[in-house]
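These are the structures, in structure tokens.
What follows is a pair of complexes built around chain A, which joins chain B in one and chain C in the other.
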Partner chain A sequence: MSEFRPTLRPALATKQAVASAALKLSPLPEGTIVHVLARPGEQDVVSFLGSLAKPAAHAVRPVSPGQWFIVHEEPMPHKEMKSLFAALEPRATGVDQSHGRVRIRIEGKMASRALSKGTAVDLDPSAFPVGQSAVTLIGHIAAHVTRVGPEAFEIIVLRGFAESLWDDLARMSLEFT
Partner chain B sequence: MSSYRLTKGGLVDRNAPLSFTFDGRPLRGFAGDTLASALLANGRMLVGRSFKYHRPRGILTAGAAEPNALVTIGRGGRTEPNTRATMQELYEGLEAQSQNRWPSLEFDVGALNGLLSPFLGAGFYYKTFMWPAPLWEKFYEPVIRKAAGLGKASYESDPDAYEKSWAHCDLLVIGAGPTGLAAALTAGRAGARVILVDEGALPGGSLLFDTATIDGKAAADFARDASAELQSMPNVRLMMRTTAFGWYDGNVFGAVERVQKHVRDPARQLVVERLWRIVARHALLASGAEERPLVFGGNDRPGVMMASAMRTYLNRYGVAPGRATAIFTTDDSGYALARDLEAAHVDVVAIVDSRSSAGVDYRGKARLIREAVVCGTKGRKAISAIEVHRGGQTETIAVDALAMAGGFSPIIHLACHRGGKPAWSAEKAAFLAPDGLNGLDLAGAAAATTDLAACLAEGAARSQAIVTAFGLSCPPVVLPKVEGDEGTHDSKPLWSIPGVKGKAFVDFQNDVHLKDIGLAVSEGYSHVELAKRYTTNGMATDQGKLSNVNAIGLIAKARGVSPAEVGTTTFRPFYTPVSFGALTGAHTGHHFQPVRKSPLHDWAKKHGAVFVETGLWYRSSWFPRNGEQTWRESVDREVLNVRQNAGLCDVSMLGKIEISGSDAAEFLNRVYCNAFLKLPVGRARYGLMLREDGMIYDDGTTSRLEENRFFMTTTTAYAAGVMNHLEFCAQALWPELDVRLASITDQWAQMAIAGPKARTILQRIVDEDISDAAFPFLAAREVSLFGGALHGCLFQISFSGELAYELAVPAGYGESVADALMEAGRDHGIMPYGVETLSVLRIEKGHVTHNEINGTVVPADLGFGKMVSASKPDFIGKAMLQREGLAASDRPQLVGVVPLDPKQSFRSGSHVLAKGAAATLESDQGYVTSSAYSPHIGSTIALALVKNGSSRHGEEVVVWNGLHGESTPARLCNPVFFDPQNERLHV
Partner chain C sequence: MASLVPCPHCGQRPKEEFTIKGAALARPAADADAVDWFDYVYLRDNPRGAYEEYWHHTSGCRRWIVVTRDTVTHEVAASRDAADRARSEART
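And now, the complex of A and B:
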């Protein structure tokens, strides 16, 4: 079946964007998420990742001590991914999570109010400025939240929970839409 | 019917009339009314019946402490019993019903209980209804419960939505009275992040009924202007209709916001209540003070009201309490009430002051009776007279309303929620919050400061100190000028009133009266905690907000000690009742718990899968086809087809962990009891993971994809647990190892392709050669699919005992690849199969799951004794595995079980007894861990853990199920029922 071309089925394919003047909730393209795990004791990994990951096209999100996500809007071809993994070694290991995690964007002046219905993280810009990330529970679901703009957040969630989280976020946004 | 609406005055909107009903009777009120003020405005003095004696009760307070005026609001699923009429805002169409009465509020048969009161004193149920004993449950208790009670909850589901939310601030101010407003303004102007919460609909607290002026403005206008300024500040959040109900660790405060409890038709996009968790760097409790009732005979008669409540109804709602009002006071606040009543042209018949002199120079018309007390009242459903006791003489004075002013207790509940005990202040005659609270200050009346100007100053000063400590610069505080304040309220507590006539209530809501307290003390229950439980004082839904301090005072007096020595009972959340709806939040129905969906969920769905919840996962259980009547028909077909042709099963839920790093192999060698150090690249191995105590923790296959990269699978149930365990091992046990762990469960859609035709089917989509020679049993490699269009991981492993593979592909492509395999296998008879079939296949092969790995078995118990490495220097569980008890021959061991008669069956969980043994638990020799019908064997087959089972194959036993009364003759056997030589793995 070499002629068969497998088709991608995005986890949130059936979800309609939720949008109003105060808030917008939208699935982000299922591009690339590489989970980087540094060798214990490695220093300056962020600048190392920046040099590898074409800063203009990729973003580096802190996950936990010694761990980051490199995210990109476009899927990374298999060969390129392997090259990236090779370039990371031996300082770090790369693990493909492009399908294991789904990204959701929530933005607008009421975005942080809506998110506060789920997360205990203080989302005030003074405590959670642009570029800051946190791993947190949103309701019952673990997620990775990054402030990507003054009024915009990116949420990275396990694929299996993506639909449930979307439904929860839509409910949290209801009063603002 | 004596209370009435004044022709002018108050903050109600007289241009916005509202209709409502009480016990079905239509009444009118105004926007800005509470249900209580509207009832009073309509002359409704009688609003409820008491808990035990069914005595007529009226409205006692104007706030959250109300013990009497509990009513049921709404209908159907929106029925809300025990609503305090004093807190319920009036809205058009509100329907209220009185409670705990039959057949009507006016004529309540339960009032006969009053005649039985000699038998219904404190602790009566400990002394009476003792015999005949069986009647307690069948008769006495149901009758008592029916006679005594509150409102009834609805059995219909609540149609409204609730939610929870978090908020963060530098300063949380609780209470938007004068102190709280001053504090919030000070902090807000300094730029601090401020949250100001108040349970009322309007900010202002006591300013809403105070007749003083502030900077030349009416107090209520000052409150309005102050809140307008606060609302204009982006750094301040003003949250009205929000009750802060608890103080918790980490300076987190619980609060409930009544978002739409004041409207008839809640907007669908909004919740009706929201539960807040407010994280505050610092908090200021400005919750004010509660006025104390006085314990005289008939103090519960409708028309008797707290003096501050009467002043609230008069000044805020424009409602007069009656035509002839008396005031019984122990402090100066009674005179402020007299002044306001007279200013509104409401007759004040008498002021009864327990003191010999007052701090104010009263020049009104009322008769002033000093050094006197009210000892009793008269009237049936409303007060008609008071009995004044002075100098040994008793005088009766006709009245239709009575205010009582017994002094004030600071509202310190939240300050005591984290273990702090209130301290009695003889100077203030009140319990005060303990000193040195971390993260919480008190100010204003909550700190026993009662002078209005002092409250404003204290609120500002405390707030300034707090925000300055945060490093913020505070603009100079300019204190407003206060005029016309009635002054301080220092009072001499009057716990015990001489010459009391009739029942003098201490706890109105639980019908605890003076004699009950005396009885508790005389019977040895004088400790405050014992007295509480013996009398039920303070145990009602108001939690003794009005009654506790009087009970303590009375106990102190009876014991001849100070209230300080008696102390208080423990203060716990919640300050006022919180609905289950708010506590549940949004987690109902569809949002009750998250659903975890496999990437192959929709593939299974389109093939007609019946799903079963496994934790949060939805797993396909079986795939019924047309004509199949029972699940067993479907499962039998799927089982036979896997062994005859091939089946495809979604196994994406298995936990998957990528383990990398230069010490990954060494790490695995320590985690598993069997060897992993030398596992070749490209090979998979079954691994057993033990706990430190030697028992098996989890099992699964782990494959070496590269020298330093392993792909571990865990059971579905233990996926998160194993990940945590591995992280603990890596971070805490062996931090010196270079090992990195990543959960990849969700990255891969994983499918098992099992059956003799599996290879043929799979080869159609896999680019590499997967012949037995090139890709033998336990091979594990990355493979290219569809001519390089996709890459996945392929493992030749088998849970079914057939030639089988597991293929992992990137999750987003899972459905497409499963479709391709079904297409590739169409001519080979491929069918989807579910976890029921998976289970039958594995039981036929004697493969274990967590049914057998039940936390009490060691490897040898399951026949894995030889897997345990004898040569490894160490692994988790090695030391404890040496204990002699874990090697004893009579340990439960894995064994097969079949019924002697193939037509008979038995259930999992049944006990295994020796043949001829008595059917009792004492004869128990083990139990059936897993069972299924095997279409290949033609009968039920089972796995069991039985004492010394591995050496008892062939022995006849009895499978006994005491719960269902089933007893089945059976035989122990080899747990591998099918293909014991494993020949089918290599077809």
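And now, the complex of A and C:
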């Protein structure tokens, strides 16, 4: 048997914090991300997901037509996850992405200015209000961006790209820090 | 980021987010003649002007869309989800 043992550590644990008065970049806790895919033709899935997510205070973020992320700060116990998947069926299917994707928070007065260097999405509050999500390229990396506050964004990115995206974001933020 | 492509789900996005498949042709019936299938698989016109193409929004919503585009001016006349297009054609 191989001596090699994988070490479990958060994807961005070794990254140096980026923080200033105008902009702050921080890795979010690796809690729960569930990717929900609705069956074709299903209606009103949003309110259905809302009713499932509300009691547990989970956030629901739209991804694309018929797809959502259910996001939570805390890891979800296996039992709870199983019952969530069971509750989704047969209208939709859930896939656990908690270890597959990483969340990054970028906040501050200059957050949208820094992000705009990487994406073509219009981040003006009138076009991209609080709660709005978009999947887009940031540089060459596909990422899911949500405005979670007037001056705060949450970025969900595949784990393998998280370090690279963090380095890009840090470089994009340099002039504001 | 010069050319913008309107995605019916995501709005205006740069072409870098998309993958182009090519002309959106009507698929022959499964038991159609070999000549029809040869045409469909291998032969392409290279029109100057209006053109219907499949685009995949790879780095966005990951939906296939059909873009009606002018090959000379890159003016986009329409863009719709490929599934909706297939459904509307099945009805007619």
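Keep in mind that, in the parts below, the second predicted complex is superposed on the first by the 167 of 177 C-alpha atoms of A that agree within 3 Å, B and C clash if a C-alpha of one lies under 4 Å from a C-alpha of the other, contacts with A are read in each partner's own complex, and residues count from 1 in each chain.
Here is the rule we go by: contacts are C-beta pairs under 8 Å (C-beta built on N, C-alpha and C of every residue); 3 or more make two chains touch, one makes a residue touch a chain.
Not measured: the values here are computed from a predicted model.
Student: If you count the residues of chain A that each partner touches, which comes out higher, chain B or chain C?
Tutor: B
Student: Please indicate which partner A:137 is in contact with in the superposed arrangement: first for chain B, second for chain C, both, or neither.
Tutor: second
Student: On the A-aligned overlay, A:168 touches which partner chain: chain B = first, chain C = second, or both, or neither?
Tutor: A:168: touches chain B, not chain C.
Student: Is A:64 in contact with chain B, with chain C, with both, or with neither (first, second, both, neither)?
Tutor: After superposing on A, A:64 lies in contact with chain C but is clear of chain B.
Student: Is A:120 contacted by the first partner chain B, the second partner chain C, both or neither?
Tutor: both
Student: Of the residues on chain A, which ones does chain B touch that chain C also touches?
Tutor: Shared contact residues on chain A: 120-121.
Student: Enumerate the contact residues on chain A facing chain C in the complex.
Tutor: Interface residues on chain A, with respect to chain C: 63-65, 120-121, 134-137, 142.
Student: For chain A, which residues count as touching chain B in their complex?
Tutor: 1-11, 30, 35, 37-40, 78, 90, 93, 95-101, 113, 116-117, 119-122, 124, 126-127, 139-141, 158-161, 163-165, 167-168, 171-172, 174-175, 177
Student: Could you pull out which chain B residues touch chain A in their complex?
Tutor: Interface residues on the chain B side: 163-168, 193, 269-271, 277, 279, 586-587, 590-591, 593-599, 602, 617, 658, 660-662, 709, 735, 738, 740-748, 764-765, 767, 785-787, 789-791, 809-817, 820, 823-824.
Student: What does chain C use to touch chain A in their complex?
Tutor: 1, 4, 9-10, 12-14, 16-17, 58-63, 81
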